[in-house]
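What follows is a single structure, written as C-alpha cells, with notes after it.
Just so it is clear, A, B, C and D label the chains in written order, and each chain counts residues from 1 on its own.
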Amino acid sequence: MIRLEKVKTDPVETLKRHAEAIGEAVRQAIKPDRITVEYPRERRKYPECFRGFIVFDKEKCISCFRCAQICPANAIQMEYFENAYPGIDYAKCIFCHFCVDSCPTGALNTSKVHDVAFKAMEEMRLSTKQIAKLPEIVREEIQTVEYYVDRNTWKLVRKKELDSLEVPPKPVKVKERKASCIEPESCIGCRLCANVCPQNAIKVERLKATEEGGTGYILKVQTEQCTGCGLCVRQCPMQILRLEEVGE
Amino acid sequence: MEEYAIDIPVEPPKELRSLFIPIPPDYVEDVYKSDDFLVLVGPQHPGSGHMRLIVRVKGDIIQEVIPDPGYVHRSMEKLAENRLYIQNIPLVERPAIMDAPNFNLGYIRAIEEALDIEVPERAKYIRTMLAELGRVGTHLYDAAILAVFMGHTTGFMYPFGLRELICEALVRVTGARFTSSFIIPGGVRRDVDDSTFKWIYDMTLAMERRLKSFERIFVKNPTVIARLKDVGVLTKEEAIKYGVVGPFLRASGVEYDVRKVEPYEVYDELAWDMPVSDAGDGYSRLLVRVNEVGQSLSVVRQCIKQMPEGRVISDQIAEKGEDIRGSFYDSLYDLVLPSGEYTTLTEGARGTIIYSIISDGESNVPYRVRIVTPGWLYLRGFMESMKGERLADLQAIYGSFGYFPPEADR
Amino acid sequence: MDEFIDFVRGGPLGPIKKWGTRWSLWPVHLVTACCGAELAHAFACGYDGERIGALNYGIARQTNLIIVEGAITRKMARVLRVTWEQMPDPKFVIVMGACGLEGGLFWNGYHLVKPSDVVPVDFFIPGCPPTPEALLRGIRQLQDKIVTGEAKTSATFSEIMLEQGRKPRVLPKSPKKVSKAPAVLVNVPKQVEWEFGEKLVEELKAKIDAKSITITGKNRIAVKVERDYIPKAALKLRDMGFDHVKNVNVVDVPNEDKFIVEYHFSSYSVKELMPVVVNVFADVPRDEPEVKSLAKIFPSADYLEREMHDFFGVVFEGNPWTGRKFLLAPDAPEYPLRKDFKLEKEVYVR
Amino acid sequence: MIDVFQILNYFFGIFSSDMMDIPLIAPIVDYLMQIPLLNILVALILWKPFFAVVIMPGLVVLTLYLLYIVWYERKLTARVQWRVGPLEVARPIRGAIQALADGIRYFFQEAIVHREAHRPYYIQLPILAFIPVLLPILFIPAGSAVGIYTPYSIQLIVTFIALIPITIVAIGWASNSRFAYIGSVREAFMYFAYEVPFIIAVISMVFLYGSGDAYVAVEKQSAIPGALLNPIAFIVYIIAMLMATSRLPFEIPEADQEIAFGPFVEYSGILFGLVMVLAYEKLYIMTLLFTILFLGGWSGIYCPLLGDLNGPLWLFIKSIVVISILVIVRSIYARYRLDQALRIGWTSMLTLSIIALIIGGAVGVWLS
C-alpha cells in the first residue's frame, strides 16, 4: 500500500513547479511530439481482427439464422431470396461481431471499412444484395499510418502504400454437421421442423398407431439435403433433434 | 461579518417553471426570498456532462446542490431482462465504454460463479490485462475531463493522446477501440498472439515516459494544485457514510479495493500496491488515480511476462477447439443459470461495480439484472462535497470525481 | 436542413459564405451519451478535428453544428431541441452512434427518442461508438454538402442480383426460453468453504430476528426479514460494522403477487467485513408496496431508493424524494421495470 | 467649385507638410503625387498622424494582427499539445487564414437578440466597446508618427485602457442572463485586482523616466531597456496584462467551463465576433504600451531604406514578438479561482508594484 503524502506548497516548490511546467511547454513548442493522424489525407492501419462493416458470402451461407438470433441489437434480419440471407441495418448495428463469430461456415466476414457517413437513415438498412461486396468508400488518403512503439518514444510510421480494406476470410474450424433425430419415437408430429427447414429435408410420416408407447409419428431427416443449419433442432418442442458432426 | 439584507421584493423567474425543473416551486420561492441565487448548470453547459446540477448559491458560496440525473438513462436493466445472457454482454459495457473490460468482466464473473465455470489461466491473464488497460484508459479520460474543466487544454490533450495508445492496444487485441465485448463466459473470444503482447509491453514503457510530460505540465502544475487542494474535502467518515467508492474512497483514507479485498482473476498473483491518501480533497483524488495508472501499467507488464500457454476458453463452454469462432452461438446462446441470486463486486476504474443477477433456473434470459455503477454510488458523496465551496469549484470537484453520467444513469 | 444550405450557397456573396461556413463548422459542446468519448478523440491530438476547421466550442449561441453523440433520452430530447433552437442559423446536425439512429442496442428501450424526430439531421454515422475517422468523415461530407449543395453518402454499396423468394409458413422461433411461472429465490443456499461466514451467520442469528439466514456464496449472506423489520435489522447491522448500503434492489414477482425488496449492506471500516455483502430482503405485497426508508440511517441508500421508486413504484416511506421522479423523464412510462410492462419483441425476418 | 478646390488644396498642404518619408517607396509616391486628386489621398495616407492611427500601428495593422494572433495562438497551442491545429483551410500556408473563415462565418450567422436582453444596449455595447479600445491608439507614438502628440501620453493610454472593463460589465448587464451576470461580477472584481498594481507599475516607470511622455521614455531607454531598469515593474506589468486581457491562468470572467463565456454567453453571430476580439485588441494596446515602457519602444536598427517607417515597424515587431511569447501561457496553465486571483492581485502583486515604485523612484533619481 502506498500512502500518498499531502502535497507541499511552499514558495520554492511552487516556483520549481512553475519552471517545470513552462519548461515542458517550451520544449514541446520547440520540438513537438506530434501524434496526429491527419485523417482525410491519411488512414490508420487497423489490424485484421478489426471489427468493421460486414461482408457476406452468399455461397457459404446455410440460412441458419444464428446471426439474426444472436444480434443483441436485432440489426440483422433475414431476407428470403432463394434461401434466407441476412440483411444488416447499420442504423442499429453495434459492431460487436457476435454474428461473425456465430457463423458456423464463415459466410460473414469483417472488413476494415468503418468511416461511412449516411445521408439518410433508410439508406443504412442494407439488404443482402448490398452487403455481398465490400462497399466502395470515399478515400482521400495518400498514405497509411501505423503506431510504432519503441522503448523511449512512440511515433507514427507513415507509409505511402495504401492499405487494402478487405480482410481475407479466415477458415472456421467448425466441422460440417447434419441434423439427426435421437428419439424418433417421441415425435409428436407437430411438423414445425419440417416446415421450418429451408431445404425441405425433413419428413414427418404418420404411422399406424399400432406400436405401443409410440406417438404415431416418425421423423426422417434426409441427410444428403441437410445443410446442418440447426433450425429444426432449435424449433423442436420435444428437443429430440441434434446436430451431429459428420466426416473427419 | 455582519450581513446586510436589502429589502427588495424578488420574484422567482418564470422560466424555471417552463423548463422542467424537478424541484418543487416552493423551494424556488424560498431560494429567492432568502436572497440566494439558483444556478442551473447543464445539461448543455461547457462545464458539465449530460446532467443538470441545480446549485443554490449565497454570494459565491454553494449552499446546496440538487442533482437532476437521468439524461442518459437508457433503460439498461429492463433491456437486460429481455435478452439472452450472452446478448447482454455488449449491453452491460455501455454504461462506461472507456471502462468496457471491467464492466464486462463483472457481468461475466456473475455468470461464471453461477455456472461454476473454471476459466483457463491464460484467459484469466488476458482478462486482467484488458481490465487494467481499461482502468488506465478511464483514469486518463477522467484526468483529461478534469483538466478541461479547469481550462487546461493541454492537460486535456495529453491524456487523450495517451488514450490513443490504449485504444490501439484494445484494437489489436479485441478488434474494437472501445467496446471490446471480448470477455465471454468461460474465457475470452480469441487468443492473442505474442507480437501483440510485445507491442503492448513496449507501449506501457513508452506511455510511462510520456506520462512524465503530463505530470510536469498538469499534475504538478501550481495552478492545478491551487485549484484542487483543500477543495471538495470528504473526510473518511463522510466518505463511508455516503458510500463513496473506488479511488475516491481511497483518496479519503479508506483502504478498500475489491481487487485486494476479494481478489478475482489473477490479482492475488501479481505484485501491485493500492495508493491511499488521507487528505480527501480534489487533489488527492487526482493523485490517487495518477498513482493507480502507474500500478496498472505495471500489472499489465506482469501479466504479459507471466502469460501462461494454453487455451483461452474453458472446455465447459467450447468442448472442441480453442477458438470460439464459428461455434459462438451454439456454445453460448442457451446458458441457463441455476436459480438464485448471484452478486459480484468488481473494481472498475471509478469504483465498485455491482452486478446482481437473479435467475429463475429455467429461462435463458435473466429474471432480473441489477447493475449498480460506481457513478451512481458516489453521486451522493459528490453532491455533499460541494457544499460550502465556491461556485467556481463546482467544475473542479466535478472533474476530480470523474463523474460520467452515462455510467451513473445506465 | 436544406434551407440553410440554400442560404449558405445563395446570394451574390454565396461563394464567400460557402467558403467561410465550410471551413468553420464548430460543434457545440452537447454531450448526450458515451459517444462523447470518441468525439473527444476526434478533436484531441490523435485526430485533431481543428485541422479541418472544426473547433469544439462552448455553447449553442456561438456555434453552428450539433453533433448528437449517441443516445437521446426522453429527458435529453428537450435539451437537444432547446439547444437547436438557441443556435443561430445556418446550423447543421450530425448524428453519430447507433443509439442516435434507430436506438442501436437500446432499440426497444422505454426511455429513448430518435434524434431525427427531434431535429432535422444532415448526416448519420453508424457505429457503437463510431471511430473518430467516421466522425471526421461525417464533417467532411457536410463540408462537401455545403460546397455542392447535395448530400452524398460516402459509400456506394454495389448490389448483386438475387431473386426475391417467399417467406415460409413457419418462421424460426426465438431462441429465448422464458419460464411461464418462474420461481424466484434470492436465498438459494450454496456450499462454500467459508469459516468466517458461518461465524457471522451465528452472530447475525443472535442479533437479528430473521426468518432465515442463508449463505448464498462466498462472502454473500442473505437475510430474510419481515418488511417492517428492515430498519431495525439495518440498525443492528450498523452496530456490527456494516456502514454503507451498496445496493438497493427490487424484484418484481407478479405470479406470486409480491415484490422482493433487497438491501445489500457492506463495510468499509471493518477489515474482515469488507468483502462480505449481506443481503437483507423482505417480501412486499404488490398492491401495497410500501417499505420504510433507510435514507436517514444510511444516506448511501438515498439515491438508490429514489431510483427503485422510479422503476417499480415501491414507496419508501421517509425518503425525501418519494412521489417525484428522480431518474426518469416526466413523460416516461410509469414503473417500467415491473414485469407487466412489456417491450417490443425482436423480429428475425424482414 | 473653387471653394472645394481651395479646401482640398489647404488639406493637401497640411498633409504633405508632414508626410512619412520612406525611401523604399519614394519613386512610387512621387509619381502618384503628380496625379491630381489621387495625390491628396496618398498624402492623407502618408500623413504622419493619419498613418500612425489608421495604418501602423493603428487599425489596418490591428486587423492583420487579429487574424494572425487568433491563428498563431491556436497553432502554438496545438504544437504544444502534440497536434497540428488549423491546417486544411489553406494547406500551403499552414491554415493561416483560419481566423478569416471563422470571421466570415460569424458575419453571416444570425445575430440573435434574446427576449430577456436589454435590446438597445445589447446591440450597441459591442460596438461602443471599441471606443475605449481604439482611443489609446491616438496617443501611442511610433517613431516620428503619432496621432496626437501630448507629453502625457502614457497616462492617457492607461486611462483609456481602464475604461474597457466598464463596457464588458455593461455587456454582461445587458445580456440579462445568469452566467452573464456572474461573469460581469467577476470582471468587476478582477478589474480592481489588476488595475491598481498595473497603474502603480506604470507610474513607477513614469517616475523612472521622469515624464509621461513616450518620447522621453524611449529616449531614456537608449542604453538600457526599461525591463532591466525596473524588472519588478516588468513582472507586475506582464501579470497584470494577463489578468486584464483574460488570459489563462486568469481567464476568470470568461471561464467557459464554469460560466460559459460569462458576459458574452448570449452573443451570437457578428456581435460575438466583435466581443471576442475585444480581449485581443486590449492585449495589443497594452503590449504597445509595454514595448514603449520596457523594451525601448520603436528604437531599433535603423534601416535607411525604410526611413520614417522604421519606428512603427519596430514597435509593431516588438509587440508581436512579445504577444507571441505570451500566448504560450494558454497551453501551460489552468484557471485560477476568483478569490485566488484576487489574492494574488491584492497581496503579492500590490506589494511587488510598490517595490517597483520605490525602485522606479530610485532609478529615476539616478538617471536624471
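Note that in this section a contact is a pair of C-beta atoms (placed from the backbone, for glycine too) under 8 Å apart; a residue touches a chain by one contact, two chains touch by 3 or more.
Bear in mind that the values here come from a model prediction, so they are computed numbers and not experimental data.
Asker: So using the touch definition from the top, which pair is joined by more C-beta contacts, A-D or A-C?
Answerer: A-C
Asker: Centroid from C-alpha atoms only, then distance chain A to chain D, rounded to Å. What do you get?
Answerer: Inter-chain centre distance comes to 59 Å.
Asker: Round to the nearest whole Å and give the separation of the Cα centres of chain A and chain C.
Answerer: Chain centroid spacing, chain A to chain C, equals 24 Å.
Asker: In angstrom, rounded to a whole number, how far apart do the mean CA points of chain B and chain C lie?
Answerer: Comparing mean C-alpha positions, chain C is 14 Å from chain B.
Asker: State, to the nearest whole Å, the distance from the C-alpha centre of chain C to the C-alpha centre of chain D.
Answerer: 50
Asker: What parts of chain A, by residue number, touch at least two of the other chains?
Answerer: Residues 21, 25, 28, 33-36, 38, 40, 69, 72-73, 94-96 of chain A each touch two or more of the other chains.
Asker: What parts of chain C, by residue number, touch at least two of the other chains?
Answerer: In chain C, residues 44-46, 48, 51-52, 58-59, 105, 108, 128, 131, 175 touch at least two other chains, as defined above.
Asker: Hunt down the residues of chain B that sit against at least two other chains at once, touch-wise.
Answerer: Answer for chain B, listing residues that touch two or more other chains: 45-46, 83-84, 90-91, 154, 157-158, 161, 164, 179, 217, 221, 226, 255, 333.
Asker: Just say which it is for the chain contacts: an open line, a closed ring, a star, complete, or other.
Answerer: Basically all the chains touch each other, so complete.
Asker: Using the touch rule from the top, collect the residues of chain B that touch chain D in their complex.
Answerer: 37, 39-40, 45-47, 60, 147-155, 157-158, 161, 217-218, 221, 223-224, 226-227, 390-395
Asker: Tell me, which parts of chain C touch chain D in their complex?
Answerer: 8, 13, 16-17, 19-24, 26, 44-45, 48, 50-53, 55, 58-59, 61-62, 64, 86, 88-90
Asker: Once bound in the complex, which stretches of chain B touch chain C?
Answerer: On the chain B side, the touching residues are 20, 22, 24, 43-46, 49-50, 69-79, 81-84, 90-91, 94-98, 113, 141, 144, 156-158, 160-161, 163-164, 167, 177-179, 239-243, 249, 254-256, 258, 261-262, 333-334, 336, 338-343, 345, 352, 354, 356, 358, 360-365, 367-368, 370, 372, 376-377, 379-380, 406, 409.
Asker: What does chain D use to touch chain C in their complex?
Answerer: It comes out as residues 74, 78, 81-89, 95, 98, 100-105, 107-112, 256-257, 260-261, 265-269, 272.
Asker: Can you list the residues on chain A that touch chain D in the complex?
Answerer: 21-22, 25-26, 28-29, 32-36, 38, 40
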